[in-house]
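Here it is, the structure, as structure tokens.
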Amino acid sequence: MSGHNEATGHAPHRNYVKIWAILMVLLVVSVVGPFAGIRVVTLITAFGIALVKAYMVAKNFMHLDVEKPIIQWLMAVALVLMVLLFYGVAPDVMKDRGRNWEKDAGFHPTVEAGHSGAAGADSGHATGSH
Amino acid sequence: MSFRTIATTRSAMGMPTGRLAIWWVLVSEVVIFGGVLVSYIMHRLAHPEWADQAAHTNLWIGAFNTFVLLTSSLSAVLAHQAAEQGNGPKAARFLFATIGGGAVFLIVKAFEWTSEITHGYTIQSGGFWSYYYTAAGIHATHVLAGMLIMIWVAMSALKNQDLHRVENIGIYWHFVDIVWIFLFPLLYIAK
Amino acid sequence: MMERLIPGASSFSGDIDWLILLVTVIVGFWFLLAQGVFFWLIFRFRERPSVPALYLSAQDKVIKRWLSAHYLILVCDVFIIAAAVKVWVDVKQKRPPADERVRVVGQQWTWTFVHPGADRQLDTPDDIVTADDLHVEVGKTYHFLLESRDVVHSFSVPVFRLKQDAIPGRQIVGWFKPTRTGDYDIQCAEICGIGHGVMNARIHIASAADHQAWVRQNTPAAAAAGGGS
Amino acid sequence: MATTHPAHAVESHGHGHEKQSFFKKYLWSTDHKIIGFQYMFTGMAMALIGAFFAYVFRMQMAYPGEAVPGFGVVSPQEYNALVTNHGTIMVFWVAMPVLLAGFGNFLIPLMCGCDDMVFPRINRLSYQIFFLSTVVILASLFVQGGGFGGAWTAYPPLSSVSEYNLTKIGATMWVIAVALEFVAFLLGGINFITTAMNSRAPGMKAFDLPVVVWMIVIASIMFMASVGPLIAGAVMLLFDQTLGTGFYNPTRGGDPILWQHLFWFFGHPEVYVVLLPALGIVAEVMSVFSRKKLFGYRLIIYTVIATAVLSFFVWAHHQFIAGIDPRMANVFTVTTVIISVPIAETCFLYMATLYGGSIRFTTPMLWALAFLAEFLIGGVTGIYLGSSGADIYLHDTYFVVAHFHYTFVPIAILAVFAGIAYWFPKMFGKMMNETLGKIHFWGTVIPFNLIFIPLFFLGAAGDHRRIFDYTHFPDLATPELQAMRIFATLSLVVMLLFQFVFLYNFVHSLIRGRKAERNPWKANTLEWTTESPAPHGNWKEMPTVYRGPYEYSVPGRPQDYWPQNEPS
């Protein structure tokens, strides 16, 4: 099955080594970025460059640019779904107080998970005020 | 008895079946990693104090592993190029280089984790470490699975068989690479 | 409609009953219409000898006629959404100022209620702590501070039409205003382990005089002595 | 690459039919039909188990504390485990394997006109993983401490901390089983999607596919797109249980609400994942037995896609009172109620198909019509629960239970029986007994309504879910309410007893049934153009497609059907 070249019209030549070299430069930048000590710069060099690198790998190595549009849409939709998940969940999970609740800093459960104890196994009795 | 069914050889939408399938695999992988990363990002933003835990990760090991994975991606795409030219043995050699890259990645990771665990930073040590080990662990499992499948693909590529699989496993490998590209800043740089 | 099944005893129970009735009317109309048409179609177009089936392809005009149901349903939806959101905002999103606050703590498998006592302030020595019995006064607006000490519970008072999950590690605030005296069930409505089925409590809604009498009788002795001086 | 010239290519089957051992033919087969049967029979066996659970806990509810015949006295722990595993099994081990994997495997290659799935060995692996998950979930009921009892939604910390659920091993095995099951269906789903996309018969365009194939594919895509976060969440839950992490532990920076979101982000689309194949089966059956072209074929698919897309935006309506931000609830109310528009449109289009038809009341048609009528009840009662204001009261009451059983029973029972009665000739080469089929039909549908209509009223009266004994709640322990519970329970027993009619009919027809011809129902779709039962490889010569699947009663033709593969 060597047919997909004709089928999708892959670009015949790409200089993969050159792309790899660019990726390496970007990697160096993202590692060096935090040493500037400026938060904004770190964010850009870390996540901005991660996006660029991911885009380059997807485009050039995975050949997503010459892939069928339906595949490009698929990937985009999957990513959009994750954004949707984030914005659906964040109001509840990401904050420490909401419209009608706040996280309880002094919360002590009856059982500390991971440190197994016998307490809580039998029916709890009413304890005093919080 | 041949396992190659007529169904497999058809291509009603003008795209090889294997490649189509691998993209669907990636859709399911995007949402799996998406679930972990969305949860992690949310908690990370909610807990600035996790930065103290993150400060103990080793940036240089992370950077080295990024380098290894990016390079292995290069050899994977070169293997694809060789396979397109019909040169199975050459493709297999590049694939073995990629497998080697994956092995280096996992070995480095094993040493990194061992060192961290002996310093007392286990999966129970805090929220960041839980996500750190879980996200990187799921990723490492994917690297391992990709290597095993790649060995199988390379063995048949040596005999000039099933060369289309070289591209498919390559697409998967690049995806695993992309996941790491995001894990690297999320786990190692953001402090 | 709902009052026949279960009495309503809070200021918003009537609103929720009204919303349920509204949905029943709107949805019931569509339901009966659809079922009526459906059974008529089944009866009318049963197989009869020498009557062949029609060959209809969905032409534009026909499609449009069927699509118009879209808009009708959408209009009904808007009514339902508007009513539902209004009730929701009143019950869950807005909170009228409180006359008193009570703390409700869920725990496997009991409810602990902290009443503010005579001074109407929580976290003072005269707080009255009870297990599985909540005493409130009719006509007063209460804010409840809902907590859980272990797993997810759900504080459900059917006569109030009120329900709110208790999440460990969070304090959730809600409100209610009893409008009718009597003793009613409090349930845990979220599965919470073996004893979920016995995690029952009672709410005692009393008139002002009766409630004050209860408060006096149950004020902790130490607090009564200290508070009286 | 013969497929680039579809009209001229004649594909024929290379490998002959060598004699195979029983093991190779039925247990280790890569044949899509056999794998479909494996899924279907496993699912049906699990349905019996799940039904038995329902019988036991309904009996306990009706006669609290008394020994249940065939089980004994039910302890609270056992009650929780039964309720939990009834839900889990019925959704993940009955509805999914039978509808999606069973019918999907059997139908997609036959309806697409190809010899097998595109990846037969992955398909086999999919079933093997699924079988393993079945073993794990069943074994979890017998380990020390008993089966997991934290409801099928498994909200942490109850599910994540063994001191709370008291079923350390059972809870862990439950998570592992569910995760394995997801992996199995991901592998299966990739097969379904690629087969339908890429392996259609020459001449067959996407809109020549029968609706059921579309539905199964859309369902697989939805499953694939929604399950990822839950797989991640399940791994995190497993680590919370076994490795002592704190992903859902509020004292350690985690959040119990996170699981609820991850679960329902999958959990709501999941409802549509099982609904769509059922809708597809019903479309096939209704079109054939009313001898009518399916009305608005494309429109049905568009409305279903609209429903599928919308269903990703509604998940938090399961959490209205779970402590989520009340303002978010308003958003989710809007999306939830709006979803009624496309799904009602789909129902109208189905009903429009009946208009002008010539309806034959065969057993499959009865099941399909009952599906529509009953599903409508499930649909309209959903509006109550989607309206946030009303959900404050109705949430976690028996109203919810009745609502989703009015969706799931039509989906996983009525539509499945429609499918089995319809495709039985093609599956096994025998006709099913119509009289027994109709007895079974009425014996199932009438008690089904008698079970769940009382539950609506019980729920409205304040009965909340998963309670093993209502005598502790004075307001609920009234004789009237208890009489309704007993009535529902007895109806359930009647309904379960009538299932033996089906089992008898199934086995009897398999052995003694009248031999089926190729096309006993005079249907158009491709699976009826091969022998009954379809041989390995499906066709000796692969079919070519010339028209859509629903050309019934075309004027000017001697017959009232026009098979897809018949040259014009």
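Letters are used for the chains, namely A, B, C and D, taken in the order the chains are written, and counting of residues starts over at 1 for each.
Quick note on the criterion: a residue touches a chain if its C-beta (ideal position, glycine included) is under 8 Å from a C-beta of that chain, and two chains touch if they have at least 3 such contacts.
Everything quoted here is computed from the prediction, not taken from an experiment.
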item	value
Chain occupying the most central position, where position means C-alpha average	D
Centroid-based (C-alpha) most distant chain relative to subunit A	C
Approximate Å spacing (C-alpha centroids) for the pair subunit A, subunit B	15
Separation of subunit A from subunit D, taking each centre as the mean of its C-alpha atoms, in whole Å	32
Subunit A, residues touching no fewer than two other chains	1, 3, 78, 81, 85, 89, 93, 99-101, 103-104, 107-109, 111, 114, 120
Subunit B residues counted as touching two or more neighbouring chains	11, 13, 15, 20, 24, 27, 30-31, 34-35, 38-39, 42-43, 124
Touching two or more other chains - residue numbers and ranges from subunit D	1, 157, 161, 164, 166, 225-226, 229, 244-246, 250-252, 255, 257-258, 262, 323, 326-327
Which chain pairs touch, all of them	A-B, A-C, A-D, B-D, C-D
In the complex, subunit A residues that touch subunit C	99-104, 107-111, 120, 123-130
Residue numbers on subunit B that touch subunit A, as the complex places them	11, 13-16, 18-20, 23-24, 26-27, 30-31, 34-35, 37-39, 41-43, 45-46, 59, 63, 66-67, 70-71, 73-74, 76-78, 81, 84, 86, 124, 163-164, 167, 170-171, 174-175, 177-178, 181-182, 184-185, 189-191
For the subunit D and subunit B complex, residues of the former touching the latter	1-4, 11, 13-15, 18, 30, 109, 112, 114-121, 186, 189-191, 193-195, 197-200, 204, 224-233, 235-236, 239, 243-247, 252-255, 258, 262, 542
Subunit D-facing residues of subunit B, complex	1-3, 5-13, 15, 17, 20-21, 24-25, 27-36, 38-39, 42-43, 47, 50, 123-124, 126-127, 130-131, 134, 138
Touching residues on subunit A, where the partner in the complex is subunit B	1-5, 7-8, 10, 16-17, 19-20, 23-24, 27, 30-31, 33-34, 42, 45-47, 49-50, 53-54, 57-58, 60-62, 67-68, 70-71, 74-75, 78-79, 81-82, 85-86, 89-90, 93-96, 114
